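Here it is: the structure, laid out below.
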Amino acid sequence: MYRFTCDYEEGCLPEILSLLNDTNLVQTPGYGTDVYCEHARGLIREFCSCPEADVHFLVGGTQANLTVIASVLRPWQGVLSAQTGHVAVHETGAVEATGHKVLALESPDGKVSAEALKKALDAHFGDPHSEHTVQPGMLYISFPTENGQLYSLRELTELSRICRGAGIPLYLDGARLAYGLTADACDVTAADIARLCDVFYLGGTKCGALFGEAVVITSPALKKDFRYMIKQRGGMLAKGRLLGIQFQGLMEEDRYLSLGRRANSLALRVKKAFTQAGVPFMIDSPTNQQFPILTAEQLDRLAPSFAWDPWETLPDGRQAVRFCTSWATREEAVTALENALAGL
Amino acid sequence: MYRFTCDYEEGCLPEILSLLNDTNLVQTPGYGTDVYCEHARGLIREFCSCPEADVHFLVGGTQANLTVIASVLRPWQGVLSAQTGHVAVHETGAVEATGHKVLALESPDGKVSAEALKKALDAHFGDPHSEHTVQPGMLYISFPTENGQLYSLRELTELSRICRGAGIPLYLDGARLAYGLTADACDVTAADIARLCDVFYLGGTKCGALFGEAVVITSPALKKDFRYMIKQRGGMLAKGRLLGIQFQGLMEEDRYLSLGRRANSLALRVKKAFTQAGVPFMIDSPTNQQFPILTAEQLDRLAPSFAWDPWETLPDGRQAVRFCTSWATREEAVTALENALAGL
Amino acid sequence: MYRFTCDYEEGCLPEILSLLNDTNLVQTPGYGTDVYCEHARGLIREFCSCPEADVHFLVGGTQANLTVIASVLRPWQGVLSAQTGHVAVHETGAVEATGHKVLALESPDGKVSAEALKKALDAHFGDPHSEHTVQPGMLYISFPTENGQLYSLRELTELSRICRGAGIPLYLDGARLAYGLTADACDVTAADIARLCDVFYLGGTKCGALFGEAVVITSPALKKDFRYMIKQRGGMLAKGRLLGIQFQGLMEEDRYLSLGRRANSLALRVKKAFTQAGVPFMIDSPTNQQFPILTAEQLDRLAPSFAWDPWETLPDGRQAVRFCTSWATREEAVTALENALAGL
Amino acid sequence: MYRFTCDYEEGCLPEILSLLNDTNLVQTPGYGTDVYCEHARGLIREFCSCPEADVHFLVGGTQANLTVIASVLRPWQGVLSAQTGHVAVHETGAVEATGHKVLALESPDGKVSAEALKKALDAHFGDPHSEHTVQPGMLYISFPTENGQLYSLRELTELSRICRGAGIPLYLDGARLAYGLTADACDVTAADIARLCDVFYLGGTKCGALFGEAVVITSPALKKDFRYMIKQRGGMLAKGRLLGIQFQGLMEEDRYLSLGRRANSLALRVKKAFTQAGVPFMIDSPTNQQFPILTAEQLDRLAPSFAWDPWETLPDGRQAVRFCTSWATREEAVTALENALAGL
């Protein structure tokens, strides 16, 4: 059985395990004040060419999202997001549990368009009775999006311009940033993201770490007291060093981008194999998640040897499913899938 | 430099690292639905002789506390706690951030007495205008307490009896449970805790794991939908297996209790050494945390070779400090401290 | 200038003012424990043929909604509502501020259909990973809806049946209940609402009182401790008698329904006058709110003498607007509008 | 039966009822945007010599407190209050329900001392691990306090100085401000309060209105978007005019202070009568609340003709009780009490 279900089915990069082994008995102070965290912060600042950024390590994506969003918003503000955004759908109301509405924007492709953003801002701030509705207080986007899409540099620049014009921070969820930055179609760099966003996170859990996300705050206005917020929301790991050590492992020797490149190239082989088998896609994804549309018969034929994630049942009964590669996907698995698809 | 600052300054038991290494490339489903978690749940149910218990793995102590407490209480209820309880003091208002007041009970020794509990319940439920004040909705205790104290079986039984009489759950924070259960003075077993409490957690972070706490729900009324709550509060690890693997490592071959016993015996050597040096204690602790009271001169003399945690400055200028042993404390460190104290 | 902007532009029924005058110097205990409140509770129980109901008086609609909803839901639950529901749109995120998501259901006419409700419940409870999404915990409907629509007895019965089958309470917002119950097209009685819903409120603010809404809890499961919730959310009026006195004034001598009938009949005159002038409607409303679609020229011609509420700008530039009658609308105003429309 | 239980047992000043009668059928826009509110805002600005203040009308005291406090604090901040402060004790955790801890300061007399305030601020901001505890974000005081005490101008000035030094707003709860400002012992003016505090409220409910409190924001930093907060927390009255009309009634012709003077003078007669009867007091109150300590026999003798509020049972079994005068207390009631006490 070859599993393509998601990008968090294995442990972590072997280099990270080695570092954990090597440092295991070193004594350090807790809560992220250790030398490993400090070193990893430096690597991340360098990675995104932003020496002034504050870098904080959190445990997981939902936690990073709720902690960042609740630290930014005033009580009467909400966060704008594509209606398919992770915070809008798949976090069990984590943002609402902090008291804030997710203001869902219609989005055919999972991205927030400049038009949709402008329309929402105009509708609110142009309303003489605006205090009866939730005030848009920040924009959440994911890169790549939940269905593998990328913003172009032009698009990201435009969103940033609108947000800054409206005085609302732009927050980018980079749970799969390694796969996004290294896609062939990507013209955005980590430095662009640091420059155009006010806060973002660089994902570890789905990009080769055991767990952990690095929140990068570039806007000076958002930096103050963020550690209080981490502690209050249960995100301040006693052995914070674990996160520093892991991000050191990810960032050193270009590993973060290398693993992204490798996973993407395997995903493109998967994509090509489906295409050659005449299988259509729900959406054209340039990153490590692929969304072929399969009939029940086709799925039955693949089921004995492969696992995937069900995504959406189409009106005609066919299923859009997700095949995911990762830092850990073995070439052997992809070859097996190619062979199976050739005979589909 | 020998550090006695806390019990979370190193990584984890070597056996846990081995398990992480061995399982690293095995593919499993996410979010705690894997075989490692299932296996570890069984070990924990056995450990506390409670085959019907629900076991959930969370990442850290503050997170476990806020998730459990917010899942139990109705909006107008608060949680009773000793005024020195971790939830009352050292979690940056994590409980309040979920909407609930911590109802602090006076406590000279960090424990909740049956008298204080009864008085608080009577004061509220005997008040004809009770709806103007927060309703006590559960009791939080820690075992050992924040300053190393233990409840006797008689005390725990009495608290449980009062709570059940009042219809409020009893929650036990076992961040340092390994050290509590194995203290010479302890007449309480894990099975007693499971029987007398409605929910408790068995600490990993401070007891030999990299991170992680095992929440054990024994009351059927509190089991429903708890996974929603974990997800919403950011505590559902994508690679949930990491927690299962670690608790497997802790629970197998009696490691959890063994490490507690060892740390306690080293702590008693520390205690004896201070006593022989004529140093008094803030409180008489039978567990791995010791709280000697030292003069500035004494601290100066120890400072070049030892680190500790400052605890409280007394009115006369002396300092109560914490010396902590753990699963990772080396005998060599204790011997060095003994020698230093002999010449104090 | 005749204002048809809303149904809360004047003070209150003269009979209510008289009662306030007559009772002004009588001394009563506070917080709704006085004889006036007790009397009014009896009148309301009788009004909805539900002698076992709990009746609580709150100050306003948003407050009633947030207090009821937050008292019913568990932390991981949300409230289902039509996407146009007041709680979904016009309460500045009041529900989210209590920690809960409003789960918006698509609705072309402002009502929740049995189909949409079933689909949402099936989608959630049929999902093997349901804990990653907000659990539907209750259904909110308004009667009449925000755009004046009514549920038929058959529709309400069906929604009630589905909710009870799923174990989720049905909550009805009756801000304009007087106008709903007395519409010609209405086949639902107050007793039906009490029987089919688990909790609802009978609006005072928009139906002739100075302010105040009467929350009626018919489900025994929802009654406990509700007064705590009122107090906590700032809704427990010190001089609670004011609400009792007002609802006494509204309920006595059939005044509540009489004022509804009168306002509806004036609204139908307005509707007829627009229709005869060839003006189309955004929606066919049988109650006191009418939504004609007017051109800029038509609006200009009416503007010197009449005021209304802007509602929605159509793609072609025309405006849907709201003309509202109330218990206080003078016949003279309606006649003037009829005359103006005759010459439009 | 003469009731001295509290200061909210009757309706309102007759002049307010007259104004409500006179304006009943005037049409105005809703939500506090009407001419009555605007007029009343002007009167209040004049009353406290602060032409730049923002004035908002809310319905009740708990609501005013929770709305102000939650609008000021950041998520990780709490509000400092005397341990006997209304927000700390008698609001069913309303502040905690907004996510914030009430940081209770020890207070023998119900006031916050400069020493206690400084100690709390130093303890937090001097702690190298401050992010593990709730950050003090504002100071709440009441004037008069819950037990009738006043701050001197010197005391208030000193608290203000410390708060401004620490960058935290000072909030004054003036639920009984009319009685405080007019006490013989008071050397503080409304203008002083406006100048020394950043936000305060001028109580209506307990000072002659049917209901309503006027929140006055003097600090420019706290003004923005406050109307969103009022709406979200359920405090924006549709018929906001009711509050404007009432505060117009209170502020015109010096009524607010006149009613305070009268109630205080009656309270001093009550105080004198108890003193002459040899009855001791729990605390020496210069305002409209008096707290005599009575034996069970004395209470039994008074019970047939007088009502009071039980306050606290002393260790020796005697009861401290509250006798309250108000704008509505009749001279006849005080004379009757004097006569009864003369024969006690």
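Structural remarks
Letters A, B, C and D name the chains as they come in the text, with residue numbers starting at 1 for each one.
The working rule: contacts are C-beta pairs under 8 Å (C-beta built on N, C-alpha and C of every residue); 3 or more make two chains touch, one makes a residue touch a chain.
Note that this is a predicted model, so its numbers are computed, not measured.
The interface with the greater number of C-beta contacts, when B-C is set against C-D, is C-D.
Averaging Cα atoms per chain gives one point for each, and the point farthest from that of subunit D is the centre of A.
Put simply, the C-alpha centre of subunit A and that of subunit C have 42 angstrom between them.
With centres defined as mean CA coordinates, subunit C is found 50 Å away from subunit B. Between subunit C and subunit D, the centres computed from C-alpha atoms are 34 Å apart. Listed for subunit A are residues 75-76, 91-93, 97-99, 131-132, 135, 228, 231-232, 236, each touching two or more other chains.
Subunit C makes touch with subunit A in their complex at residues 75-76, 78, 89-93, 96-102, 131-135. Against subunit D, in their complex, subunit A makes its touches with residues 31, 70-71, 74-76, 98-99, 129-132, 135, 225, 227-232, 236.
Interface residues of subunit B, counted against subunit A in their complex, comprise 3, 5-6, 8-12, 14, 17, 20-21, 23-30, 59-64, 66-67, 91-94, 97-98, 205-206, 210-211, 228, 231-239, 241-242, 328.
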